[in-house]
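These notes open a run of structures that come right after.
Both of the next two complexes hold chain A, though its partner changes from chain B to chain C.
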Partner chain A sequence: MRPGAKRRKGYLASRSVQAAFLIVLVALWYLATSRWHVSPILLPSPVAVLFQLWDIVSTGEFVGDLAVTLRELAAAFGIAVTGGILVGYLVSRSHYRIRVFEPLFAGIYAIPIILFLPLYVLFFGLGPASKIALGATISFFPIALNTIAGFGYVDKAFVAAARSMGASDYQLFRYVLLPAALPVILTGMRIGFTVALLSIIGSETIASLAGLGHRIVHLAEGMEMARMFAYIAFVVAIAAVLNAFVSTLEARARRAR
Partner chain B sequence: MTTNEVAIRVVGVSHRFGEETDIRHVRALRDTSLDIVHGELICLIGPSGCGKSTLLNIMGGLLRPTAGRVEVFGKSVRGPMPRDIAFVFQENALFPWNTVAENVDLGMLFQGVPRAERGTRARRALEAIGLHDFADHYPGQLSGGMRQRAALARALSLETGILLMDEPFGALDEQTRMILGEDLSLLLARANKTIVFVTHSLGEATFLADRVAVFSARPGSIKQLIAVDEPHPRKPEFVTSAKFATIRNALYGLLHDEIRKTMAESAAPGPEPRA
Partner chain C sequence: MRLTQPQHPFSWLRRPFSWLRRPWLARVGLIVLLLGLWEIAARWWVDPMFLAPPSRVVMSLGAVLETRGVPAALRITFWELGIAFVLAVAIGLVLGLAIGLAPFARKSVMPIVLLLYGTPQITILPLFILYFGIGPASKIAFGVTHGFFPIILAVVAGVQNIKPILLTSARCMGASRWQVLRHVVFPHMIPSFFAGMRLAMTGVLLGVLLAELYVSTAGIGYFTALFTQNFDPARLFGLIAMLAAMAIALNEMVRRAEAHFSRWHAE
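Now for the complex of A and B:
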């Protein structure tokens, strides 16, 4: 068998196991609600959830909340990328600054920043501003840390080679430092995106006026379990699409350097 | 141009890594002087840490010496001189995110060669080194020997009078090293370049060099200069000749004591400088 065909077979096999796992999960869910008398208040039937999901999508009810969440995400991620790359680059330019700031950022990144949500709400209110600020803070650290790692540890041989051939500061940055650092920075951006999405939806469920997280908690409080599950499924689908999109962008940028 | 013209003049160069007050400072090079004649290939050979690579980096303007000075074609060296000097490093100095052709092109871009000229010069350099079929490969797709050929092509495309080579074949196996050595000798006969070549290998030094500078143990300086009177391009048969054996043995004798000294000293604490 050719190696390509072999790899393809392995891919198909692992994909079918993944699909089977999900099917079994949904089947168990169905059985629990139809045969094993689990209360619909705790676990609504998958059929009911599917109907609700259809209703949410066909009426377009989701548009308002989705727009709020996506706007918060875009603003938070934009701030985190700009700030993280700028600060990361400046830190990476001196060994002293790397020694000071890298452990500091890593330490802050390790604490659950979401604990400060009440403080953010006090400062920025219940609206989108507090979600943007929190998302940007949480997403800043992986981006800044990876930018430091990317620019700070470029192989000295590359720099010496470029300098010996007469590279200017700009050329050194454009043709050596940036392409050397880019894969690491892109990984930081992907992680930053994921944690921004997590923290924004998470904080919407805790204290907010609108957004997908807010909608889910609102439905839970109204005991509309089937519709709440439908929204959760909807958010999972959106998150999967966004993450796939970001991964594709990352792979494309890697090739283009 | 006369053959006796000095291309590189090293005058009383010493180098120390770290401040003298720092207990961990290392004296790498001690009061070294050397005149390198236009068109010759000189090998620097010596025990690890004797400062031969340090001297090469100082010649190329990548390192400022603590004392002494270097002149290249009569000009004092204050920094990299991309018009006159090209480097070939030990390994992995090709940019892995660029193809071989892009690497060669980038070197000329850094050097300031106009775009229109770069294409022809790149092709010429790749053909001279037998790599034109691999122009669109990435360094990661090539063997170690091919990568060093590509690095050599990049240096050749810069069309400098001087080539500084820092153990360029050091990471290669003996057979590949021999073939690349023969190619380099052939190239030298054609190109009339001045080459300074740092190596650990006695055989490589004997085969390639017009003169071999043998370094003493750290802090290194030139212990003796040995001439190898054999025209380029050198034939593979040269390796089995009596002349080759005599010179190689002389080098071995000179180096042996210095290597013993280095090994005795390396038991003492202290950072390892670049070899």
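Now for the complex of A and C:
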């Protein structure tokens, strides 16, 4: 057998294992609810969940909550990117400042900032402001740290070469520093986006008035399990789409530079 | 021979900010400055219902610990974190070895693991409460599911990086399956395994604290909600400061262990 065909066969085999895993999972779920009398309060039947999902999508009920969550996400991520890159750049411009600030940021980044959610709720209320502030705080640190790493550790030979060829400050930034730092910064932005999304849905789950996380908790408290499962599936799909979108943008920007 | 510069006895008077040259002193100075601003803001500008000055937070630490139920809540949270971490490491290690040591399992199961790791688990938090109740069990379970994915990834990556020639030569010398695991696989996995443990600790902290804040009857989540609702910022800050200290200590323990155990590997 040719090696290409062999690899192809291995690929098919692993794909079929994945498909089989999914099918067995759904089949067990279906059997558990229809044959083994698992209470629908604990596990609603997959058919009911699918039905509810269709209802949510076709009636457009999700639009309001999705809009709230996305607006919070956009605001939080916007603040974090602006602040993180600005602060990161300013810190990275001197070796001394890197040594002062980088351990400080890294230390704060290691604390689970979600702990401070009660304080954010106290300061900013139950509405979107507390989610935006928390999301912006949490995603600020990976972005700032990666910006410092990106700009701060550019190979000195490149800078010296550009300077000796007579590059101005702007030219140095545009043609040397930015291209060298961009991949690291983009990675920081991707991490920042993921944690912002997580912390916004998380803080909506814990204390809020609107948004997708709030909707899931609301349904859980009303014991509308099938609809809650449908919303969970919906949110997971939205998160997957958003993350895939950001990863694609990152890969594109990397190639384009 | 090098002569030291004669120091003027009052050199610090001539250059009063020369201590700023030392980064760690500057860092401490910055923190002190921020605390000072916070103290001033909290004393004279901001409504005392929302912000307590750091001096009063420090004073309130005793009062927090004397609040009925708080020491028990801290203990419960600490146990939840510890048990969740140990379970996450054990489950992650077993699953990681099972997946990593079989190339076919690696190819077929890893995408599923990565997919699950990428989903926002916070959406299924209400389900954990439903299945495991509002006591410590749900917090531990939620912490475990946040913690074991990084361990699986780290173990799989560690196993993958072993040079095949080492496995082959161990086999040639007649090593049994267990001996290969014990003397070849485990030692090579250690740096990556400890890096995974550090990520797992971050995950466990996140999972347990999220579940605590969401609903809690006896853990710290109950008291943060209580102090927030009573507009008692001094005690709230005090409690959160203690938890942050606990988180920092746990992170630091894992980081030290990582540095200690992966030392020999630095060739």
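Note that the second predicted complex is superposed on the first by the 237 of 257 C-alpha atoms of A that agree within 3 Å, B and C clash if a C-alpha of one lies under 4 Å from a C-alpha of the other, contacts with A are read in each partner's own complex, and residues count from 1 in each chain.
Note that in this section contacts are C-beta pairs under 8 Å (C-beta built on N, C-alpha and C of every residue); 3 or more make two chains touch, one makes a residue touch a chain.
Everything numeric here is computed off the predicted structure, so don't read it as measured data.
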Partner chain in contact with A:Ala167 - chain B first, chain C second, else both or neither: first
First (chain B), second (chain C), both or neither touched by A:Val63: neither
Chain B versus chain C as contact partner of A:Val176, first or second or both or neither: first
Which of chain B and chain C A:Leu104 touches, first, second, both or neither: second
Broader residue contact with chain A after superposition on the shared chain, chain B or chain C: C
Common ground on chain A, meaning residues reached by chain C in one complex and by chain B in the other: none
Residues of chain B that touch chain A when the two form their complex: 57, 60-62, 80, 82-83, 85-87, 89, 92-93, 95, 97-98, 106-107, 109-112, 158
Chain A residues within the chain B interface of the complex: 155, 157-158, 160-168, 171, 175-176, 179-180, 257
Chain A contact footprint on chain C (complex, rising order): 21, 23, 26-27, 30-31, 50-51, 104, 107-109, 111-112, 118-120, 122-127, 129-131, 202, 205-206, 209-210, 213-214, 224-225, 227-228, 231, 233, 236-237, 240, 243-244, 247-248, 251
Residues of chain A touching chain C in the complex: 10-11, 13-15, 17-18, 21, 41-42, 96, 99-101, 103-104, 107, 110-112, 114-119, 121-123, 197-198, 201-202, 205-206, 213, 216-217, 220, 228, 232, 235-236, 239-240, 243
